[in-house]
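Following this line, the structures themselves.
Each of the next two complexes has subunit A plus one more chain, namely subunit B in the first and subunit C in the second.
Here is the complex of A and B:
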């Protein structure tokens, strides 16, 4: 009995396993085949430049080396040692982190609040708000920065006249200069958050919101307990985008604080890298700073994704 | 046994890394010296470039007439993006010009990049070169070799409002101390004006104060410089300049962030009693509110009657190493920087000639340039002829130092010591 039983089992299983295996191996290859074009483009446009960045950061590589005036010299981690031993680098890094964090939080708060507002108002004001946001979004950073700077100009700016501040200079103090730049950064980056989150809210089934409203939930409660959890994937993308943008801010600081503020008090990493390295053609040193920035951003993004995964969210 | 294998692996890794070293272009000097063909020239595009074009066109026409078979193709490049253009030209000799105009503070950097041709002998043989102003000559010299011909110079002097001085019964200041007291008197009587408008980021307006007090940017000779910005004399100059940033002259909150152009704009708009401006600022001031109500004198030095040494800015004309028309290109450089061209360029654009005799004739013709010629004659200073200078300049070492003192973040001793440290590091890194 038992013998025949096992024989039956054995007879039944062998034919069934090979197809499974075959399907699995095909499933292993097919996605890659479909991904191949994108991967090739990514490799050419992303991986190769990153490889070059890493490579250059190990060399003494200035204009003299590029144009063949002097031979290139391998420095190992010499460029990194130069960067890390500069006190100013650490100060700039700290202020970049704090400034970027403030920008991200403010941008998200303003963007989400206005997205909720968009769903609550009638067509005409909604259109007006949308148009205003698009205008801010479409304005080039240099133009936006110059206009903001003019608004707050001590001699000619309307803001000082409106607030009766006389000839108060907004760019002289460290914090007030950072605050001014933060306003501009939020102004030009909230539309992306607003539009994305608004699209997300529109895709939430209205029954859910209705049910919450019927239960007597306040607007804040609906956001916190219903919308935010449902929009989580969107919020994650928007946050990561904002972190990356705000960490790399350049134009606003460069234009509004005249290349880093009084005595460099408003320097952020990107402007610092430009001044220390690229403006004087020290490409090796600049690349080292670039690699450090890349690693920091990668680490921030990975840690953030990891935290979300641990909370049980699949992305 | 294990160690050698590891060493071998390391060596192999090093080889791999060395094999994929970043790209460099071959920029060795060209061996060909064609006597016919097209010469490409890059000159700077000035604001209101037409008169310059006319002068250059006539010089080029004469050159083409004298050299059968040679054609000259002149291109005007924007000043703002010149750095990128020149770097690209050094990287790709095929698209590079044969002759180009360049700012004199860039000389040492371009030489280190391997872009400019050594024309020491040609310059020595050039009959007109003897009248060249020594500071102008210094601005084309690196390590005792010449890399071009001076094209024009620019210096700064003291602009002041004649109407304000008359109304308040003030005299033109004779010393640097008097300059400060006069400035405060103007501000006290007219609080809507800055006395002497100064800028925390206006390095070349600040340096005369350091130089007049006997300080130096750096000391040493070609190759091995050491910063002198923290010497006692230099500190005295820094103190003199930064003490002007006070509520009774030019409030720090507004003046600390200003650069040279901002101070000239303020003066031209009638917001300042005095300003430090160049001969090249003349047009801007003439176009402003204060037209007809200002005059210019040399910036006074420490002792009565002396003149504070000014920074000798200006441009040069050089030949690129990659040229395939060496002889012709050098001759064209001499034609463009000749006494005749410089004299007509002064008439057309107001650029000060680099030949002392031509300059004196110009001063006789146009009284406006007199204070600037006086300043040049009294002796000017130049930035260290080191490729490190472009690094020091672009990383804002000096503006940072002045702004740290002005905003009260550091005292003169601490700020200048730190600036000196940064400068020495830059000098050291270029070897």
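Here is the complex of A and C:
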């Protein structure tokens, strides 16, 4: 029902003309009264820190300035120049993008495949899979990270024993360490995709699917030509949410690779910014990296908004 | 015809069900291994032939974790932080969601877009300015320094998700209430709030998780007064990268995971429909 609603709305009202709105009671000041607490909190603890982040990124701000030993010195875009001329930054940026992309693709593939699988099975296997997924979803990032480390522990973990890898260390190599983190990230984030897409598929009228099956469409064909287009709004939401989450992965990298891996080989932007700021006390530099990250995510969000608009969704 | 199709379809369904069960086992395995690791005696944990069962479950690891200085205190701190965040962000988000779904006013769409944009702000990047903010307001080393930012960070998503639930309450109900002479405030708290409450509970899972899991703020803002520390920090005491006390880590992880798991199982159904609602609108 959800999907058909959107589909109908899409057809009936072209995105450029605003849909006819029902008459509302006189709004006046009431909505702003209701919004006030939210706006105050967001302004003080979100907008203001973002502004501060931008400000700090323009200053020389190290331990000396924090303790008051030296005055803060304005250095314009000096921090940014430092960041951009640092080879490590570009390497970290590249690994962040590749790692996030790999996480998003794997999460979506696993989540969608399992959502389709859920619709094909009877109640008992479905409940089993749902409960297992809920368990993975509910696991806090810190504990998930330690548990996966334990599973892949070179000396006492079951995975190496099972695969006959001896005491191969997964966190030693750059790629294998990233792979291990990817497994954990996919494990704890596919349930969101699976549950959401499953709810979406369930809302597609069964006649549509039966008609497709009667016409002799294969499973893959049904997914590609019937389900995927109908589920597009949902797929957009889960994709963008996954991009935003996976681009910001922090705890998993921090705990599983012990703060960014050997010689920082497993750093991603978020951890890199944190290390620059709090480990090396380069607060200005760390803030500049934070701003770069913020801008990248802002770009992603704008793409998302455009997609939503194009679907003619009423906000 | 139908019988033939049934016969052809059946092996496929069995294959699908076997597949689903297999995946369920694989997905649940890390959790099983965590609980198992928590109960294994020290000798078995440090064996190079790990077995997927234990014949002599022991509570030693739990004793070691719970006996750790002030572990109960950390647990309580975590509960206080998560509880305060859930309640505060729930009430604030309810009011805001009501405003943006039940009223039409200028800047409404702009506000909604702002809430959406606010969701993508990387919390970790804001650790630096928040650290200075908390320092200036003397909030370092207090639970407030953990509660306040998490309220802010969980609000946008909560508002976005609650919209669906508020919208689902028929408008006729509102008109009827006013006709019967109810005031706006009365309608809000005595009619709308109870109706939206199930959705609010589902939404609160996300606030709960983000506050309960928080590791970065606890690490950065609770610097000297360890009595204000929370569970994730306590857990990492047992995790020495070179020689981790796996029994202790698994026992601590189990203790930390169970409350979230319970919360999840309780609200599971609402969560599924809530996500449908959040996505739908």
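Operating definition for what follows: the second predicted complex is superposed on the first by the 241 of 315 C-alpha atoms of A that agree within 3 Å, B and C clash if a C-alpha of one lies under 4 Å from a C-alpha of the other, contacts with A are read in each partner's own complex, and residues count from 1 in each chain.
Just so we're on the same page, a contact is a pair of C-beta atoms (placed from the backbone, for glycine too) under 8 Å apart; a residue touches a chain by one contact, two chains touch by 3 or more.
Quantities reported herein were computed from a predicted structural model and do not represent experimental measurements.
A.B. asks: After the superposition on A, what does A:140 contact: first (subunit B), second (subunit C), both or neither?
C.D. replies: So A:140 only meets subunit C here.
A.B. asks: Looking at A:203 after the superposition, I want to know if it touches subunit B, subunit C, both of them or none. Which is it: first, second, both, neither?
C.D. replies: second
A.B. asks: A:38 contacts which: subunit B (first), subunit C (second), both, neither?
C.D. replies: After superposition on chain A, A:38 lies in contact with subunit C alone.
A.B. asks: Touch test for A:70: subunit B only (first), subunit C only (second), both, or neither?
C.D. replies: first
A.B. asks: May I ask you to decide whether A:258 touches subunit B, subunit C, both, or neither, giving the answer as first, second, both or neither?
C.D. replies: both
A.B. asks: Contacts for A:305 in the overlay, against subunit B (first) and subunit C (second): which applies, first, second, both or neither?
C.D. replies: second
A.B. asks: Classify the contacts of A:229 with the two partner chains as first (subunit B alone), second (subunit C alone), both, or neither.
C.D. replies: Touch status of A:229: no partner.
A.B. asks: Return the chain, subunit B or subunit C, that is in touch with more residues of subunit A.
C.D. replies: If we count touched residues of subunit A for both partners, the winner is C.
A.B. asks: Counting only touches as set out at the top, which of subunit B and subunit C does A:56 meet: first, second, both, neither?
C.D. replies: After superposition on chain A, A:56 lies in contact with both partners, subunit B and subunit C.
A.B. asks: Which subunit A residues are contacted by subunit C in one complex and by subunit B in the other?
C.D. replies: Shared contact residues on subunit A (touching subunit B in one complex, subunit C in the other): 52, 56, 258.
A.B. asks: Could you pull out which subunit A residues touch subunit B in their complex?
C.D. replies: Touching subunit B: residues 52, 55-56, 58-59, 61, 63-72, 74, 154, 167-169, 171-172, 258-265, 275-276, 279-282 of subunit A.
A.B. asks: Which bits of subunit C are touching subunit A when the two form their complex?
C.D. replies: The touching residues are 12-13, 16-17, 19-21, 23-25, 27-28, 30-31, 33-34, 37, 45-50, 52, 91-93, 95-96, 98-100, 102-105, 108-109, 111-113, 116-130, 132-133, 148-149, 151-153, 155-156, 159, 171, 174, 178, 184, 209, 212-213, 215-216, 220, 232, 235-236, 239, 241, 244, 246, 249-250, 252-253, 256-257, 260-261, 263-265, 268, 271-273, 275-276, 279-281.
A.B. asks: Which residues of subunit A touch subunit C once you look at their complex with the stated criterion?
C.D. replies: It is residues 2, 5-6, 21-22, 24-25, 27, 30-32, 34-35, 37-39, 41-42, 44-46, 48-50, 52-53, 56, 114, 117-118, 120-122, 125-126, 128-144, 146-151, 153, 155-158, 161, 187, 192, 195-196, 198-200, 203, 233-234, 237, 244, 247-248, 250-251, 254-255, 258, 270, 273-274, 277-278, 283, 286-287, 289-291, 293-294, 297-298, 300-301, 304-305, 313, 315 of subunit A that touch subunit C.
A.B. asks: Within the complex, which stretch of subunit B touches subunit A?
C.D. replies: 14, 17-18, 20-28, 87, 90-91, 109, 112-115, 200-201, 252-254, 256-257, 259, 387, 390-391, 393-396, 399-400, 403-404, 406-407, 409
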